[in-house]
Each structure stands twice: as structure tokens, then as C-alpha cells.
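Below is one structure, written out as C-alpha cells, with a few remarks after it.
Just so it is clear, A, B, C and D label the chains in written order, and each chain counts residues from 1 on its own.
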Amino acid sequence: MTMFEPQIMCFLCKWCTSAAADAAGTSRMHYAPNNVNLRVMCSSRIDPQHILYAFKEGADGVFIGGCHPGDCHYVEGNYKTLRRVTLFKKILQDLGIDPKRLRLEWISAAEGKKYAETMDEFASQIQALGPLQLKEKALAREVVKDE
Amino acid sequence: MKLHYYPGCTLKEKTTALDLSTREAMKRLDIELVEPADWTCCGAEYPLTEEKIVGLAAPIRVLRQVHQEGGDVVVTTCSFCYAVLKRANKAMQDDPLKHKRINAYLRDDIKIDPLTKERTTGFEDYNGEVKVLHLLEYLRDAVGYPKVKSRLKRDLKGLSIAPYYGCRLLRPHEEMGVDEPDEPRIFEEFLGAIGCTAVDYPFKQECCGSYLSVSLPAAATEASYRILRSARMNGARAVAVTCPLCFYNMDHRQDAIKEAFLDFPGLPVLFFSQVLAWALGVDKEVLGLAEHTVPVDDLFIENRAAEERT
Amino acid sequence: MTAKKTDKKDKKDKRIGLFVCHCGVNIAGVVDVEKVAETMKDYPGVSFSANYVYMCSDPGQQMIIDTIKEKHLDGIIVAACSPTLHEKTFQEAARLAGLNPYQIEIANIREQDSWVHTDKAKATKKAVKIVKSHVAKALQNESLEPVKVDVNRRALIIGGGVSGLQAALDIADHGYEVILVEKNPSIGGKMIQLSETFPTLDCSQCILTPKMVEVSRHPRIKLLTYHEVDSVSGFVGNFKVKIRKKPRYVDETLCNLCGECEKVCPQVVSDEFNMGLAFRKAIYMPFPQAIPGTYTLDAEHCLGLTPVRCGKCKDVCDKKAIDYDMKETIIEEEVGAVVVATGYDLYTMQAIGEYGGEKYEDVINGLEFERILSASGPTGGVIRRPSDGQVPKSIVFVQCTGSRDTEKHNPYCSKICCMYTAKHAMMYRHRVPDGQATVFYIDVRTGGKAFDEFYQRTIEEDRVLYIRGKVSKIFKEGDKLIVWGVDTLTGKKVEVEADMVVLAMAMVKADGVMDLLKKLKIATDIHGFLAEAHPKLRPVESLNAGFYLAGCAHGPKDIPEAVAQASAAAAKVGDLFAQKELSHDPTIVPVNDELCSGCGICISMCPYSARSLDLERGVAVVNEILCEGCGACAAACPCGAAQQRNQTDSQIYSMLTAMLGE
Amino acid sequence: MRVKLKSGPEQRKFIKRIEELSGENVYACYQCGRCSAGCPMASEMDILPNQIIRLVQMGLEDDVLRSKTLFLCASCFTCQSRCPKGIDLARVMEAVRHVLDPKGKDAFGPDEISPELARELPQQVLVSIFRKFSK
């Protein structure tokens, strides 16, 4: 039996966390290759619908990376993200998707190490949770059926 | 009209002057003071640690009784009672844990009807419904100074009195909220409204030594001396207080003060309610003047204006 | 002003080219680049797929250019290093081949793939996913042109203190026109009220008046004193300003400062310049070096602006400069940038009742003491206390008055009080050698050039007693002020008798300008000081494009800092004005009128006030110059009417499908 | 003698207890001393009010518990009303009194008041002082 390899969808803000992902690369820090990244200008660009869609399309975990509070390139976008994610975790719970499958972290451009460690940690967390079950996916599909 | 009034233990036993003069004064303002049935001591100290909250049971029991009797306001004169009742009441409004625990204690309280001796129990929760006001606050906010002025019978013009706030009336400001803790005006405005001259002096909200009066009398003597001296230096003929303990420290202790501080010639101490009652025309016999250590007779003269002129 | 969109092809017809870079072994050592190129060959939309050892090299770029031309590509993906490194390079190459730079996508398969993974198969698989997602995006990319707008190369400076003056001079010296608006009768601000300045003790007036004169004579500076900015509308590069001219009742071009009017004026009022420690007439000159040099009639205190009531000043004015019929007028100006240098106020002493500042004449604030120290002040520089004019034999200075108090006053450090208190104590000891100077402090902060040496000198040479503790109460007993404090170093509660007390009051926002700031929609912090666009990297720009910050309006600072910030703001204005036209990234978030319900949610999301509601049409509208393209509104829009250009929801969904869908 | 500061959980235990009981953040104090400057009883104290907080911050439990200051606080709240950091020091004092050995001697008990004095004193002061200073 092959080990379950989770798929992790990462939404990274251009200014901090994507830069941190680059920094991890520059420093050749190795981490599990379970993630794929989508770079946005600001974490506040991420609509909860995007997260749900990622789950629907097969992501077992969704990661959002933004700038530390107070450091947002767009003043306070990360606070908006925090509010949305906090609320959305409750909704995920109601949808039967474990809210632990969604993770928000503040990782600055200087924190390549934190990025690499977080990727490993999140991958093993999701691995422990197991694949997002079809039933869960079906639920998610229902919610975004018109997409 | 009827108004709930919580005298507190000291006023019933030792400091009847404050109680009597308050009742007489309020009668002149057409207000009959009613005590809540079956009241107990408030506990004198508001419990300051999170674990000693059982001390809230007594004051809340009193307030619940007022609420059950249909009262929405209770007035006090003693600053200690005022502080405990007001802070306990606020805790019932703001602190869900205290609310829960105290109501749990008091739910099984037993009430005995004084006539039928019937026992009832199973009380409803008290949620801080009653408004706790100091009489000074009640006069300012509910009665209003214009009404007080319209009832004045004696002219106190030229009588310089130093208002003494002490500690409990004003602080902690966040909970008491009567007036600014460092530049209070309520007492001055009250004295002004009844025709006196309020003396401004820097010690009006300094501590008189409070309960250290018992454990460390010398400290209370010195603290009280500083207040009296400052009031005198600024031209006061007397100090007016609201609290029986301040009164004790500044009046009953005055022999000790004079002994310890030879430069101090003495200064009368009055209750604010005595001055109010006098201004409203109450006879001086019912003001409890005999309770004073420092003679105050000189201050209660019928034709004060004429007297001052000579 | 809108972005030009060209060659809008349906995504089905788009021809995408893929170039996979080996980066030597950097990528190829882990990712099987040939396999990636091979796999992608038949991927929908991909018309060309190749790999090359160094895409960023000249031959690599040439290959891109040639292929775009040969294969008539509508978009390209370069799978290589992070876009922060070579996005511009490849955009330029594409541009040379005639392709719009917004049709270029960089797939990062180095920093975010080959460098961080070791498993070749997995890394290759991941590279394919990354590339696929960019193809999905590229198919829907629009060609965009930067948004362009003209710049009006004139600057408005609000505030004529040292910061405003410096900014005005710098911008004017860059060769641009400046309009300087000051609400008081003269420029000079707070600095002109100061006596000596720390740590060099040079006279404040002596160093500031030359600047004031220079401003008044500069051919490119239009000086408007006794004027107030009423409103600013428009956007960066194109502001319209309304300025209210307050009637001075004296024609400044005629007044020759003979002073006869002042002599006959019967109205004596408190003198603001001297902090109420002296008097002036209702017709007055704020101080002898005032600029412009003219009298001003203060209508509030004048007996009545009619000869029937008084008219004495008008009678004696030979130049016929006094005109009681002057009216308030509104002037309109057009500018491209605004420097806000509106200064600060001192925290009111009334707020701290226990210090008696309102009650006792001899409890004064630092600025009042500056006037007492000043040679041009009410006492001619002799230190005398306000109540009876006696020379105080003991002065207590109280630092942190109203500062660093999270509970009742201001939580922040006012920054300059440590230094000016040291200066006050030193000046006092110099002028009253037998006087006792006592300073109560919590911490002494002397982080500035030659600051600590100055502070040490105050203690060592001028023998000022510093007591570490905060004062609890100040009151009067007889003739003396009694200060109750503590020395936390010895654990002694102390009492000091003083003839005068100087309170180092906190610096706070200038109340008089808060309405203006609100009208200008300039962001402020929770204390009412101007907020900078970024605390580290954009410290002199406002969040609102085209507004720049200078001086204490932005927060407590000393003179050199205020001047440095003013010069920095001026340099930033210069940057703006040096551009032929403003160009702005077009990847903003426009509104689709047909979908917009006018709910206004996007407006509340925007930190730049770029969005507003068109009430007539009931839809949101976007100022494309102000929009920075963060996308917060797009995520919040319930109708999908707000879509970020080249990062639409549809593009994001396609990318997700491409990456995750097996 | 040099005082050796405790470290780790041991050091935090006392502070934690005081903070739990008082509901105040002891570390908010930046030692300006304003409480001591205005305290009406400070002249009688062996350790000033601000120093009590300092000792709590440092975890020097014994020094705090030994101090006479605990029984000189009149709970007049002058310190509370002026503290720039909003700490209610009267609560901290009460919390420290609370952690004193429950089996120890009363700091001030009923035996110390003569019957004559008891007759003269207002009731409130007796209730007050026993609530504050006895177990």
C-alpha cells in the first residue's frame, strides 16, 4: 500500500509569504513536495470560494500565507484575511470539512525557514488527517455547484 | 415620595447624627426614606481578590431586597456602604462569573415573613437592576439643586466649609463614576447650592487613615491632621464629611491631634447632611450635635448674616 | 485614463508558447525539464514547447523573440526562476517581439520547486502542475497598457512651521511652484516661539528667521498667511484646492509697520505668541520678525469693525491701510501634490487635575517656559514667575506629563521632552546660579547626535538634581508649590518645595486641523497623528497618493528630524514631478457595471479610498490611479462585479483546476 | 548578600498566583513610582508600594511577604486613580495578603482592641480592619 500523499494548495501573498518561499529556495531548505503555490498580490484577494473550490478540485489541505499583522503592503489586507478565515473555518465545520485542513500563517519575506518548516508540518498534519473523503468533496461540490 | 435608603450599621448605632439629619433633611424635600426589610451589614469592604467573592453576598442580598420591594434606586450616605453597594452592583452587571456564583449562593436564602412567620425560599437572580446613589448624587441628579434652593429656610451666606471627599466616594473612578477623581466638584456644588462658601484646599481627597485608625492610630492622627490643617489654612470654618469613619478620624481623634501637633488649634467637623438639614430649616436639636467631640454649636446660629456683621 | 485593451482574443484561439529553463543544473538537476516540455506539448492551448539551458541568456531571449514572431504566439510561459528576478527581462523580450508584456507568465520551478525538493519524479510532477496553472491563466490574460495621467507640477504646503518652510524651499529650489498656506498671521510655527535649541543652544529665532525671509522672497513660492485650506478634491497629480482667505482688515501691501494703530487701540487681549504670559492689542503684529511684516486686526477682540464704534486705528493710519470692509474670500488653485505639515499641540494641563496647572499660575508648560527664557519674551529673558514676577529660587520640572500613560492620557513617548527639560534646567541654572533645579523623570531618552553629552553636562556641570520617579500631586501651601514625588532609586517618598513648576506636557495632534484632515480623507493613526504609507519603507508618504507628511503632524519629533522629514517629503514631491506623466499598474480591480448592485461593500474594503458610489447609476466606480490592486474588494464583492485584471476569479479557478485536477 | 533570582516556572509561580488573585498584570508596571509618590501611608512603610510590585516582578516572594507595607495600605485607591498603566495596586496588596500563611498569626486580630475602644469605634472600621488584616 502506498503512503497517502496529500495535495496542498497554497495561496501566497506576493510581498511576504511568496518571497519567503523564494527565500527557502535560495537557502536550499528542503521540504515535502506536496504543495503547489498560487501567488496573489495580497492574502485579502482570496475569496472563501477559492478555498472551497480548491477542496473540490482535490486539495486535501489549503494554506494561506500573508504578511505579519501591521506589515501588510496594502495596510490591513491581512486583517481582512484573518477575519474571513476565522469565520470560514466555522463554515467548513458545518460543511463537514475539518477546519484543520485550512491553515493561515503570517510568514515574512525573511522567514524562509519558517515557510519550509510550516510546509513540512502542515503536510504531515494533513497526512495524519487522511485524504479529504469523497463524501466531504461531494458536499463541497454541492456548495459550489454552479461553478 | 418614598425612596429606598440604606443607612448601614454604623448609622444605626454610633453615628446617629448622620442618619437623623439625613431623614429630617429629606422630609423637607418631601421625600420619605424607607429602609429595605431585613437588611444586613454590607461588609464594609468590597472584596478585592478574585477568590474572596463571597463578600459580595451581603450587599447583593440587600440590593435584591430593594429590587423585590419595587425600588429602582437606593441611596446611602456612608461612603463605605456606598462603595461596596455600588461596586457589588456593577459586578452583577459586568462580571458573568460573579453574577453566577453570587446568585447561586443566594438562591436558597430563606425569607421569613415578619407577620405570618411564613418561610419562603428560591429567589430569582439579581442582575444589578437597582441604581445605587450617594445622597449627594441623588440631590444633584434626581432632586436637582434648583428644588433644593427653593426649599432653603436659612441663609448660610459666608459660612466657609471645606468639603472632604476622602477615598471611597470617588475611587476607583471606573466603578464609582460620581465625579472626576482628581478635580471633583459635586461636594462644592452641593455646598454652593445650600448657600455656603465651599473652600478649595489640596487635601480634599487625601486619605484620613481609614481603618488604620485602629491598628496604627498615630498614622491616622497624622493623616487627619494634615487634612484639617490644610482646610483651616485655606479659611474653612469647618470640614464637612459624608463618612462616619472620616468623621471619627477627624472629630473624635481631634484631642489626640492637638496633642501630637501643637500648632493645630482645632476645627469643627460636620456631616454634609447636618448642614443641609440646617439650611432647610430643621431644628438644631435633632441634628445630633451632641455626638461631636469638637463643639459645633457656634456654626448653627439662627441669624447668621447679622452675627457675621458684628 | 482607462487601460487600453488590445488583441482581445477568445481563449480558445490563443496560441501559447512554453519555454522551460534548465538554469544549468539548478533546475535540470532535479526537474526533468525535457519531460516537462514534452508533457506540455499537447496540453490545450500550448502551440509551442521547448527547453533551453539558460533562458535568461542572450540566445535564450533571442529564441523567445524569434519564436513569438515565427509561431505568432499570443502569450508565453517561461518556466524558470522566481518572477522577482527575470519577469522584467522576459517582458522586455516579449515587447521587442511585439507582444504585450501582460501576456507573459513566469512559472517558478526553481525557488519553489527544484531548489526545495530532492525527489526528482515528484519535483517534475510538481513542475508540470505549476506550468499548467500558468497556461490556464495565460489563456485568459488580457493585454494591458499602464494607466497614464498628466501631472500638475505645483505643490501645496499646508502649515508654515519649520517643516512647511523647509518643504516649500526645497520644492521651490527643485524648480517647481509652491503655494504655502498658513492659518496664522505669520509663518514660523512653534519653532519661532522657542528660546534656545538643544543641544547646541543656538537661538531659535536667529536660525529660523532667515528661512522665513527666504520663503517670503522666493520667486516660486506663493505665501498665503492668514489663509486656511478649505478643501482638496481630485487625485494625485491633479488636485483642486479651495483656500479661504481670512480678512486681515489691514492691507499688507500698504502697512509700513509704523505702529500708530497699535498705540491707539483700546482693546488689550491675551497674547497667544507669548502663551498668554503677556498682552497685545486687538490690532497687532504677532512678533517683531513676523512675516509678512504687517499688522493684523483681530476681529474677535476689536470693539467693532465700524468707525461708529471705535475707528481709532483707521483714523491714525497715514497709509490708509486699514479697511473694515474686507470680506472672507475663497481662492482656487490647482496642484499636483500636497505636503501636510500642520504641526502639533501641547496636551492640555486641565486634563491632569492633580498637577494644578489650571489652578496655579506658577505651574506652567514647557512652551510657556520657552517664552520666559526667550530674550524677546515677556520678561526679556529674565526668569520670572507669572504670579508675582519674582525670580524663582526653586523650579521643579516634571517629565512625561501626559505621555507614556496608557490609562488616562497618551500612551506614547513625546520624544523631545527629555531633551528640552534638560535644556530648561540648564538654562535656569545659567541664569539663576543660586536656584535649585529638580527634574522628576521616569527614563531619560537621549538618542540623538550630541544629546547624551548635553544631558550629562546638565547634571555634572550645571548640577541639576534628577529624581527618578513620577510626581503624584502638586498643590500650593502658602506661597510655595509643594510637589509630591518619589525617588524610586532610594525608595524615598519625597516632597519638594518649589516657586515654579514646569510640566513637560505631551505633544498631541493639532486639534484645529482635525476637521481639515478628515475632509482631505488623510489617514491618521489612533492618536490623530498622520499615518505614513509604510512604517519603514515609506515614512514620508501618506497612504493617500499625492499627499506627503512633514513634521510633528506625523508624530513627536525634534527640529532636525522635522527638517529632515520635510526635505524627504520635498524629494518625494520632486520624484513625482520629475515624471512626464504618471503611469500606474493597470492590474487593478475595475467594476463591471452590469453586475454591480451598488451595495458598497468594496468601498469599505478599499484602504486607498479608490472606490466610491456613483449615486446616479447606483454602481461602484473606481479611480484607476488610486487603486493599488490588492484585490481585497474583489474577494468581498458578492456579485462578481469586481474582478482583478489578469487575476480574475475565473483565472484563479482555472489555475486551481489545472494544478489540482488529475 | 547577592540575591539569586529564581528562573523558569519556579520564578513565575508567585507572580502567577498574585495575578490570578488580583486580576492585575504585574508586568505592566514600569516602575515610575507614582503610586508611592501619592501614597498617604508611604512614610510609614518599610518597602514602598512600587517596590512591592518590583519584588513581585522579580519573584522575591519572601521579601514581599515579610513587608510591613501590606498592613499599611488603607485601600484608599489613590495609587489606582493615578497609575499611568491602570494597575489597581490595592488589589495587588490584597492578593499578597491573601497568599500569606493561612495558619500564621493575624496581622491584626480582635484581641488587640480593648472593650472600651470597641464601644467607641464606628462598626464599619471594625468590620473593615478584620476583613483586611485577619484571616
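Going forward, contacts are C-beta pairs under 8 Å (C-beta built on N, C-alpha and C of every residue); 3 or more make two chains touch, one makes a residue touch a chain.
These numbers come from a predicted model, not from an experiment.
Count the C-beta contact pairs for C-D and for B-C, then tell me which is higher.
Answer to which pair has more contacts is C-D.
Among the chains, which one keeps its Cα centre farthest from the Cα centre of chain C?
Checked the centroid distances; the maximum from chain C is B.
Report the chain closest to the protein's overall CA mean, measuring from each chain's own CA mean.
C
Using mean CA coordinates as chain centres, what's the chain C-chain D distance in Å?
Each chain's C-alpha centroid was found; their separation is 47 Å.
What whole-number Å value describes the gap between the mean CA coordinates of chain A and chain D?
Those two chain centres are 50 Å apart.
Averaged over CA atoms, how far is the centre of chain A from the centre of chain B? Could you give it in whole Å?
Distance between chain centres: 63 Å.
For chain A, write out the residues touching at least two other chains, lowest number first.
Expected reply: no residues.
By residue number and range, which residues of chain C touch two or more other chains?
Within chain C, residues 354, 473 contact more than one other chain.
Which positions in chain B are in touch with at least two other chains?
In chain B, the residues touching two or more other chains are 182.
If we use the touch criterion from the header, which chain pairs count as touching?
A-C, B-C, B-D, C-D
Note which residues of chain C are touching chain D in the complex, please.
Spelled out, the residues of chain C in touch with chain D are 354, 400, 404-409, 442, 468-473, 484-488, 491, 493-494.
In their complex, what parts of chain D are in touch with chain B?
My answer: residues 20-23, 40-41, 44, 71-72, 74-78, 80-82, 88, 90-91, 94-95, 98, 107-108, 112-113, 117, 120-129, 131-133.
Provide the residue numbers of chain B that touch chain D in the complex, in ascending order.
For chain B paired with chain D, touching residues are 8-10, 13-15, 41, 43-45, 48-52, 55, 78, 80-81, 166-167, 170-173, 181-182, 205-207, 209-216, 219, 223, 244-245, 247-248, 252.
Spell out the residues on chain D that touch chain C in their complex, using ranges where they run on.
30-39, 42-43, 47-48, 50-51, 78, 82-86
Going by the contact rule set out above, which residues of chain C touch chain B in the complex?
Within the complex, chain C touches chain B at residues 352-354, 356, 359, 473, 475-478, 482.
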